[in-house]
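Note that the chains take the letters A, B, C, D, E and F in the order they are written out, and that residue 1 is the start of every chain.
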Amino acid sequence: MRPSGRDAHVMRNISFTPDFTCHAEGSVLVACGNTQVLCNVSVENSVPPFLKGQGQGWITAEYGMLPRSTHTRMRREVTAGKASGRTQEIQRLIGRSLRASVDLTALGERTLMIDCDVLQADGGTRTAAINGAYVALVMALTRLQVRGELTTNPIRHAIGAISVGVVQGEAVVDLDYAEDSQADTDMNLVMTASGECIEVQGTAEQQPFNLQQLNAMLTLGQQAIAQIATAQQTAINQWRQQAGL
Amino acid sequence: MRPSGRDAHVMRNISFTPDFTCHAEGSVLVACGNTQVLCNVSVENSVPPFLKGQGQGWITAEYGMLPRSTHTRMRREVTAGKASGRTQEIQRLIGRSLRASVDLTALGERTLMIDCDVLQADGGTRTAAINGAYVALVMALTRLQVRGELTTNPIRHAIGAISVGVVQGEAVVDLDYAEDSQADTDMNLVMTASGECIEVQGTAEQQPFNLQQLNAMLTLGQQAIAQIATAQQTAINQWRQQAGL
Amino acid sequence: MRPSGRDAHVMRNISFTPDFTCHAEGSVLVACGNTQVLCNVSVENSVPPFLKGQGQGWITAEYGMLPRSTHTRMRREVTAGKASGRTQEIQRLIGRSLRASVDLTALGERTLMIDCDVLQADGGTRTAAINGAYVALVMALTRLQVRGELTTNPIRHAIGAISVGVVQGEAVVDLDYAEDSQADTDMNLVMTASGECIEVQGTAEQQPFNLQQLNAMLTLGQQAIAQIATAQQTAINQWRQQAGL
Amino acid sequence: MRPSGRDAHVMRNISFTPDFTCHAEGSVLVACGNTQVLCNVSVENSVPPFLKGQGQGWITAEYGMLPRSTHTRMRREVTAGKASGRTQEIQRLIGRSLRASVDLTALGERTLMIDCDVLQADGGTRTAAINGAYVALVMALTRLQVRGELTTNPIRHAIGAISVGVVQGEAVVDLDYAEDSQADTDMNLVMTASGECIEVQGTAEQQPFNLQQLNAMLTLGQQAIAQIATAQQTAINQWRQQAGL
Amino acid sequence: MRPSGRDAHVMRNISFTPDFTCHAEGSVLVACGNTQVLCNVSVENSVPPFLKGQGQGWITAEYGMLPRSTHTRMRREVTAGKASGRTQEIQRLIGRSLRASVDLTALGERTLMIDCDVLQADGGTRTAAINGAYVALVMALTRLQVRGELTTNPIRHAIGAISVGVVQGEAVVDLDYAEDSQADTDMNLVMTASGECIEVQGTAEQQPFNLQQLNAMLTLGQQAIAQIATAQQTAINQWRQQAGL
Amino acid sequence: MRPSGRDAHVMRNISFTPDFTCHAEGSVLVACGNTQVLCNVSVENSVPPFLKGQGQGWITAEYGMLPRSTHTRMRREVTAGKASGRTQEIQRLIGRSLRASVDLTALGERTLMIDCDVLQADGGTRTAAINGAYVALVMALTRLQVRGELTTNPIRHAIGAISVGVVQGEAVVDLDYAEDSQADTDMNLVMTASGECIEVQGTAEQQPFNLQQLNAMLTLGQQAIAQIATAQQTAINQWRQQAGL
């Protein structure tokens, strides 16, 4: 049995708290079980140098963990003077995933900067961050449309993300920290709501995995992401209603 | 009139949410108006090299702002590769203040690391951090006593902190961001609950201030810190009851 | 047609030059088309702090590109003061992949440090690095066995790596630089010689890809890695003969 | 009795050597007892980016200690790669204090950069630096007026600085290193010659201090700063005479 | 006898492999005994800020060692975050030497960046780098002339470099690693083909050397550099023939 | 004629002020014309890791320039986060030179750290630093002998240093800043008092120099260093007398 008692295909509760902070153009606290990530989207009216004058926008992400978001305290990255390899890998993943969900030419020469800060960690922080970032991004884009700064909706694909793995030979979905540390394979999936792949990142931690196991994980992930997409859309709709947008 | 409509001696609502996160030995979200700071205390069973073998403990603090805690996004300090002068000044202030509240020899060879991370900023983040850190510190010390790791209570003084200032010639208490940016003098006070000084840090931003104005600010600060001390103690008592400690 | 004129399933020529440099315990220059990577394995009789006293070894990797290995000169990373996110992602991938090929407990308290330095780049440098690193690793381990420092062969799996992608809707293998820059999907695969997965890292650059396309890429990759495994083994055998080991 | 044998209100001899070095627009070696600080003012015809085009000037300061200015050698800060928190706190204090003494709009778009380098330390280096910096600043501004680059004198307030403290329950002025290390309270004051406050920075090192003690320290400080202001003005007058300005 | 068995005046075999890599405007692998250095010249159509608008060009160099170019592995400089003092000294030497060989005003506003990367080290890497860099520089300048971007040949002096030393009281030329580590004096010479000095850098490692010994070393160096100049010119001529330039 | 009006063989006045600061074991302010360098020697009872347990000592040096020691202000190196290439080259030169003057095995397991800080610069700062460092080193060693911590005098050679050059075809000695910037060749010499070479570092800035010019410079340098050695010994003798050592 899984440490959490969940069946192989059952993910943890996921919830979205829009407008968790007041300054960002889009702000969401996403909780997936005990994992909590604050996702803030900031809109800047400029683009990085390599895009100047090309009439398109950019989306980029930064990721951080508060020092005591984890079981034992982690050193603050600023103390080391640089982001760790893990942090950079994750923020590159978040940025690529969100860029894939948007038509960058429809953004105009704007940068959307997504800050994902983990307040509490219990496995799956990078996929939770992508799920929350998508909702915060839609909020920010909605506000730009309402203010007339955008005339079309730049979203191309609703996206969601989930971790899957192989534990004791069986494919399972949404591993928490306890399960993650004993998994043979650890895989992060980012997909569209309709089940096409944006990112597939699987690593054999203990044992190589075969193509059959890979496809079992992909199926579990596709199902979970469909559920996540529903929860995201529900949260967006409720926020729109309450905000009168 | 003050931008907030408050009278000169009226501070904003202050509230403490204990156990805001689940891993730290002491965790408090403190809110003072729109300013929100997450204070987490971690206990480590070692001391910095300069204290090895001296039979006493240490308390130190780190302070950070989430990039979009502010009106416009701030660059993450890890990107600059080092903490700014302002950040270092603040974390030195928090550390000194909390050390003054504790008998370090009663701690044993332990370090209490206090992380203060600003989720949302509207003036007074450093004083809010000290107020929350004190509550989180008491929670962590209570747990060490309950577990039998400490036999006495190392707290020497309950402490609180508040900002005061001179705006348009008048001394006022607890400046928010709008008021802070037009103040002639900006002063941060850390005091014991009984009104003795731990830290007095005043700066003439526009005009020098005289000793009469200084004493008016000190009086306002003393009164506010007495109120804060009451609110801290109430939060601690409620947490003890609910936690059955 | 592909820019190189190759059929979808045809990879570039791959060659291994053992003992390209004289000091390393294992040294291989791997060439895959115009991509050339120098892989040097160094043996150190110690392990990182987190493994001290656990009776097992460690394998880690570093990756670099000479400034003019590329079409236009890249800035030296030491000038920026730190390895880029891309570099760190790649060296983490190489390290994980090679660790998966070895029984670390059979290594004893030793670290094998693998340096992969790109002399000339034309796409697929990270997969070429893994292919060369595997051969250099076997050379270093062979020498340790010959000297009597190891009594068993710690290799668990022969491994190889290849890039695959989707270009104009079609799955293709071993993309060179010209093809890589127009691919819809870019995927790096690390597998055992027998076709089980060690790493699967796919990214939708322009268009999401479906599970059918994913499986087409996996099949192409499996076939190519089988060829690579043969070429690796041939190079190892020839080196053993010539070196009389 | 105080370690130095001085009465509580007696400060050490203070002296100013103008034109200690030959290149700076204003150069002063200030000695306060054994503490010696070289203060050099450089004039640059530009302002920092945040002030461009606003028709005003800027004053900023940097502070350093020569490695063997202290009893035991300190590591050079460039070796650590960054200025310490203490250094940054001090240079921010010096900069703020000197800006408070000048009408920045009367400066025009110029930056006065003040370098304060401690050649020999025996307590009170930051207050000595402010005292010397004021004299060097007046020298540099005088030269700008003589050359016709400034038409008015931008000085608004003559300023001076001194440390005060509570030692064994008694307020004392101008602590040297031996006394500083046993003080209960350590406070740095920057005031105008007429006794108004620019900066008040007091810290309870061992015991909290009450408002009565605070006022005793302020009175001692006010008296000392009046003496310092006289010494500064005398040094400036002599230099003007000798230089024929 | 010397460790290598060579007579005092005999240098190791030196060879040049032009076009060792394919992207650089000039690329040479230089081998001097077991020392192998890859020298790549990149042409950029801009100059450093301090030369903007002065109608002249610039030549600068960077030097690196692959981590396992040496007997025991060296840490990668990017890991330390900065180039070592030795590295900086060497790249300043290479840059100065090559600038001395060229009429910078004949270059136009171009920068030639010379990357010298040591693949295998056995003493004399800096002088080998200068020898290879000169050949690669001529190749790059030839190509600029062929393309019509330069109308004249900017070379003023053919240059070469060699190490000399005093070992057991005797002056010797071209020390390998084994000999270098026991030398009393170590000297690097850069000269024109006609025997005039560009750089003379001698250091007494164990014993001071007298002017007679200095002149003996200079004579050996002059002879060796004349041989090197011949080998460089031969390599250039062969490359021109083969490349039809 | 030279800018200073001096004849080719005439050096500037050189003076040594012992005990310029009070904390260092050896402290000297050396002035050579307008160039002023403060040289402080600190004794530490340990050696660097690579010398642990070998029964010998070490001498190392650090060099810095105060920001306004120069005609226009230089940026503080700590701001750049690292010592420049020039600084590192100079401190390596100073360290090597002073090590050559001492029998390191007679030092015992001690490190002498020499800090050379330029208060005022007018050419020749590195050679002035070596001259002052030698005097400060003798002072520190004398004190160690007086205290009985050393039983023998570890000095092997009195050393001195001077710059020489070729200006308008003529060899000259001790170039000031104005002359240095127009020199064809710039050479720094470190020699023993008896005229043997420790360091010879010559660079052709504008024109290559021939061996005849090289020998003319060496002769001028030898003569100047003999004068410097006399001045150093006189300063040491006077200090010994006054200090009663």
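Here is the rule we use: contacts are C-beta pairs under 8 Å (C-beta built on N, C-alpha and C of every residue); 3 or more make two chains touch, one makes a residue touch a chain.
Bear in mind the structure is a predicted one, so any value in this text is a computation, not a measurement.
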{"item": "Chain hops separating chain C from chain B, counting only touching neighbours", "value": "2"}
{"item": "Contacts common to chain A and chain F (chain labels)", "value": "none"}
{"item": "Distance-maximising chain from chain A - centres being C-alpha averages", "value": "F"}
{"item": "Interchain centroid distance [CA atoms averaged], chain A/chain C, Å", "value": "29"}
{"item": "Interchain centroid distance [CA atoms averaged], chain B/chain F, Å", "value": "52"}
{"item": "Length of the line joining the C-alpha centres of chain C and chain D, rounded to whole Å", "value": "60"}
{"item": "Per-residue multi-chain contacts in chain C, two or more chains", "value": "81-83"}
{"item": "Ordered ring members, chain B first, chain D second", "value": "B, D, F, E, C, A"}
{"item": "Chain C residues within the chain A interface of the complex", "value": "82-83, 85, 88-89, 91-92, 96, 100, 157, 187, 191-192, 195-204, 208-211, 214-215, 218, 222"}
{"item": "Residues on chain C engaged by chain E in the complex (per definition of touch)", "value": "21-24, 27, 34, 36, 38, 40, 42, 44, 62, 64, 66-73, 76-79, 81-83, 113, 115, 117, 119-120"}
